[in-house]
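Below you'll find the structures, each written out as structure tokens.
Shared between the two complexes below is subunit A, which pairs with subunit B and subunit C, respectively.
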Partner chain A sequence: MSTWHMDDGMAAAYAAGELPATPAASVEAHLLACEQCRLLLAPRVPRARLDRVWDDIADTVDAPAPRPVERLLRAAGVREHTARLLGATVSLRLPWLAASAVALFFAALASGETNRWGLLTFLTLAPVVPVAGVAVAFGRDGDPAYEIGLAAPYSTFRLMLMRAAAVVASSSALALAAGLTLPGGGWATAAWLLPSLALTSLTLALSSRYDPRRCAIAVTVPWVAAVVGTNVREPDLAMFGAAGQAGYLAVTVVSVVLLVVRRREFS
Partner chain B sequence: MSEHETWQDARLLEAVADGDRRALEVLYARHAPWLLLRLTRRCADPALVDEAVQDTFVAVWRTARSWKGRGEVAAWIWGIGVRRLLDHLRRRPAAVLPAHEQVMVSAEEQVLLGIEYGELGRALDRLSPELRAVVQATVLDGLTTREAGRLLGIPVGTVKTRMMRARALLREELA
Partner chain C sequence: MIEAVGLVKTYGRDRALDGLTLTAGKGVTGLLGPNGAGKSTLVRVLATVLAPDEGELRLLGRDPAAGRLEIRRRLGYLPQDLGFQRGVTVFEFVDYVAILKEMTHRRSRHDEVRRVIEEVGLTSVGGRRVRTLSGGMRRRLGIAQALLGEPELILLDEPAAGLDPEQRLLFGELVARLGQDRTVVLSTHQTDDVAALCDRVAVLKAGRCVFAGAPRELRALAEGQVWVSAEKAAGTSRRTGDGLYRGLGPTPRNARPADPTLEDGYLLLLTTTTNTTDITEASA
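Then we have the complex of A and B:
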């Protein structure tokens, strides 16, 4: 450690940018190793300027780190507030997505083992996953930002549609990926799609009056009962045939119309 | 007043790595003033300097873990700071011209090392401002040839030839 140090005059000249070349270089080399001389410079910078820069640092440091889903959405060009609202959705978080993926892949695996019964399991489960996801995506219990959402100048209906769309898209992508692993593939990889849309839109339409979780249960229970009922004697995929699919399409259309008509009920 | 203020820089940095925000505040109070003044001598635009200082301490907060625990914390902070300043100079093409002009002027005033009136000091003073600026950016500021070129607004090849010429001249002077 050297015994060379700045004096006040030198510190003032350096801070003002008036110190000649060679001594300034000396000061800079020395500053890196000498705390005493660094502190000598502290009062030479206006307090207000340091405080202003610190405030900006504090803002950045204190901001919560965005969740993975939010970062992904931002990267895809979604605006910040929209990404934040979508990212707060329980059923778009990684644990939920992981759980859905595991359930779907096991169902797909089962269909490889036991043929028709297994395929039935997959086709029954795939439409239920987005219904569950939508049920916890909004409403008093499922939405961590529910109170904030009520107070914010943002259409609840729009928020609900946006989240539902994101949930349906993500769980459909998972179901499609699981479906592609099905042995034989063919029509079964997509036969769940219309039932899934029908159940989800029906849940949303009912949610205009009742709690979304109850609606999800009210829709899921008859669905599972119907599948079990029509297949209890021997596995029969009639519910997923052409007539069935037309029925699901009709339910979807009616539910969407109902949803649009009753949209004011949501706010 | 808290116990943080009695801690050494290295200990503060360890605390920052563990998410201690108060430790960052103390580090800022200690290191922001000299960093700001030294960066001002490289770039005369106060807005750019403020942003570089801000980015530096955000980077300290995020990368405190990567500090190896050896050497001066101040030197580590300077290494981040001067590169953040370069980032800002590069990102703002509109501001580059005046900023670089200023950088050249202020950088020209700079010379290497702590021997004020010795032989080396005189030898350095005799270098042309262009050669001195290159010696200063590479030796004193610890920049690579590419980074020095960016700071001074000259091509990499020019940095290399000027550095070679400066070395030859100094050898001659000191022989």
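Then we have the complex of A and C:
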């Protein structure tokens, strides 16, 4: 039971924040147990300050806890609201990233087999992962709030590009990590990179007119068919050679130009 | 606020809007019409989600083709099929839409999110995942996001679908409050909603506006054309809750005239107008 109480001067000093730290801590402990002093103090505390404190508490309680990807983006310097928009992307959430990682690492493990399809499996799959990720990152089927986004002032094109960049970056990081486990390493650890950029940018460019998921299928099926077709009779990695890489670079450049030209179609 | 003249929107061979003309100012305007009449297409055009193929449109005094961004900053939109990301909470969803509405300052954005959630009575479930909410609560959540930023033009496509009677009452109060100082367009199948909430009503049929005016004017179209009878009669009679049959048109023998409702006027309008003729062009 308290044996002392605040006087008017102490209450006024505490309310004004002018009490030194030690007596202030003592007053705070006392206030928890003493209604008489709380009643004495209450009229002296500025209403605006109380509201501000209460708002801070409410905001701390209500504010959504950032998801792992969102936290990672914030740590990387991405602004809070941008990280929130990216964190809502299906293909940037942990289940999708985990599934992508498992697929890529299994493909890399398969390349250790003597079967010539082993390495091809990894080189074929690595560019398809970001294409799939981009296809579900935006658009009517991939983003449940897509229709609202279309009627909102935030640029749909910008949102799409940000999500695509984040998906390509995360997929590429996973593929690079998986590539490091390839037996012998060498050129194959990065031979998928330009095909990946070409297929992804082509999917985005086509999405300015068609549904992103259909575009992804339209890009992926010929890609897989081409790899299989050129390797059915005998191993042939020409698609990943210098000429092939130059071709993927050209496709990437043309797709990006097309994307910029048709950017208005996204909104 | 909304001035649309001769709007045409086609999907392949289908003309969803076929020369539609409509004006709407402050207050609540209801869009009534059967399935396929073009209500949702019109709402999407007004929301700047779709561009009309032909016709003139001005929203909030601007041409959407040139001032789309400015219109979107002053617009609230609830689409018919609103989806939610998996695993998001009520607060997270509205917060996400608030960012799309360019509310980038975290603290003031959260204040606004709390305000609209409170406005639709969802404060107590702010932390709950959306997938655990009832259909009515999800609809209210959709309405909440449309209120972000105090928009001057609010477009609600089937907003009352899934609401129970008590929620409809609260929704009605909210819409009435919103309509006091802004333009609210409400697309619905329900004549009850229009009768209870709207200052004006536009009836759409086959992509055209076949009536625009006050609800009482729509009701008045059926004046002297409504009857009730204990026996079923040929034509458009329908059974009512008290076991009688209610019909439209010349009163048959053994029937007595009845006071028309808004639904009577609406049904009569749909059965008597052709697809190309507007029988009423009351100013909205």
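Following the convention adopted for this analysis, the second predicted complex is superposed on the first by the 205 of 267 C-alpha atoms of A that agree within 3 Å, B and C clash if a C-alpha of one lies under 4 Å from a C-alpha of the other, contacts with A are read in each partner's own complex, and residues count from 1 in each chain.
Here is the rule we use: a residue touches a chain if its C-beta (ideal position, glycine included) is under 8 Å from a C-beta of that chain, and two chains touch if they have at least 3 such contacts.
None of these values were measured; they are calculated from a predicted model.
Of the two partner chains placed around the shared chain by superposition, neither subunit B nor subunit C is touched by A:D8.
Look at A:R49: by the touch rule set out above, it reaches subunit B but stays clear of subunit C. When the two structures are aligned on the shared chain, A:L41 is found in touch with subunit B, with no touch to subunit C. In the superposition on chain A, A:L32 contacts subunit B only, with no contact to subunit C. Between subunit B and subunit C, it is B that contacts the larger number of residues in subunit A.
Once the two complexes are overlaid on the shared chain, A:A24 sits against subunit B while remaining clear of subunit C. Residue overlap on subunit A between the subunit B contacts of one complex and the subunit C contacts of the other covers 62. Across the complex, subunit A is touched by residues 9, 21, 24-25, 28-34, 36-38, 40-41, 46, 50, 53-54, 57-58, 61, 72, 74-75, 78, 106, 109-116, 121, 124-125, 132, 136, 140 of subunit B.
Every residue of subunit A that touches subunit C in the complex is listed here, in rising order: 55, 58-59, 62-64, 79-81, 84-85, 88, 90, 143-154, 159, 267.
Against subunit A, in their complex, subunit C makes its touches with residues 47-49, 68-69, 72-73, 75, 77, 79, 81-86, 88-89, 91-93, 95-97, 99-104, 106-107, 109-111, 113-114, 126-127, 145.
Taken together, the subunit A residues at the contact with subunit B in this complex read 4, 14-15, 17, 20-26, 28-33, 35, 38-39, 41-45, 49-50, 52-54, 56-57, 60-62.
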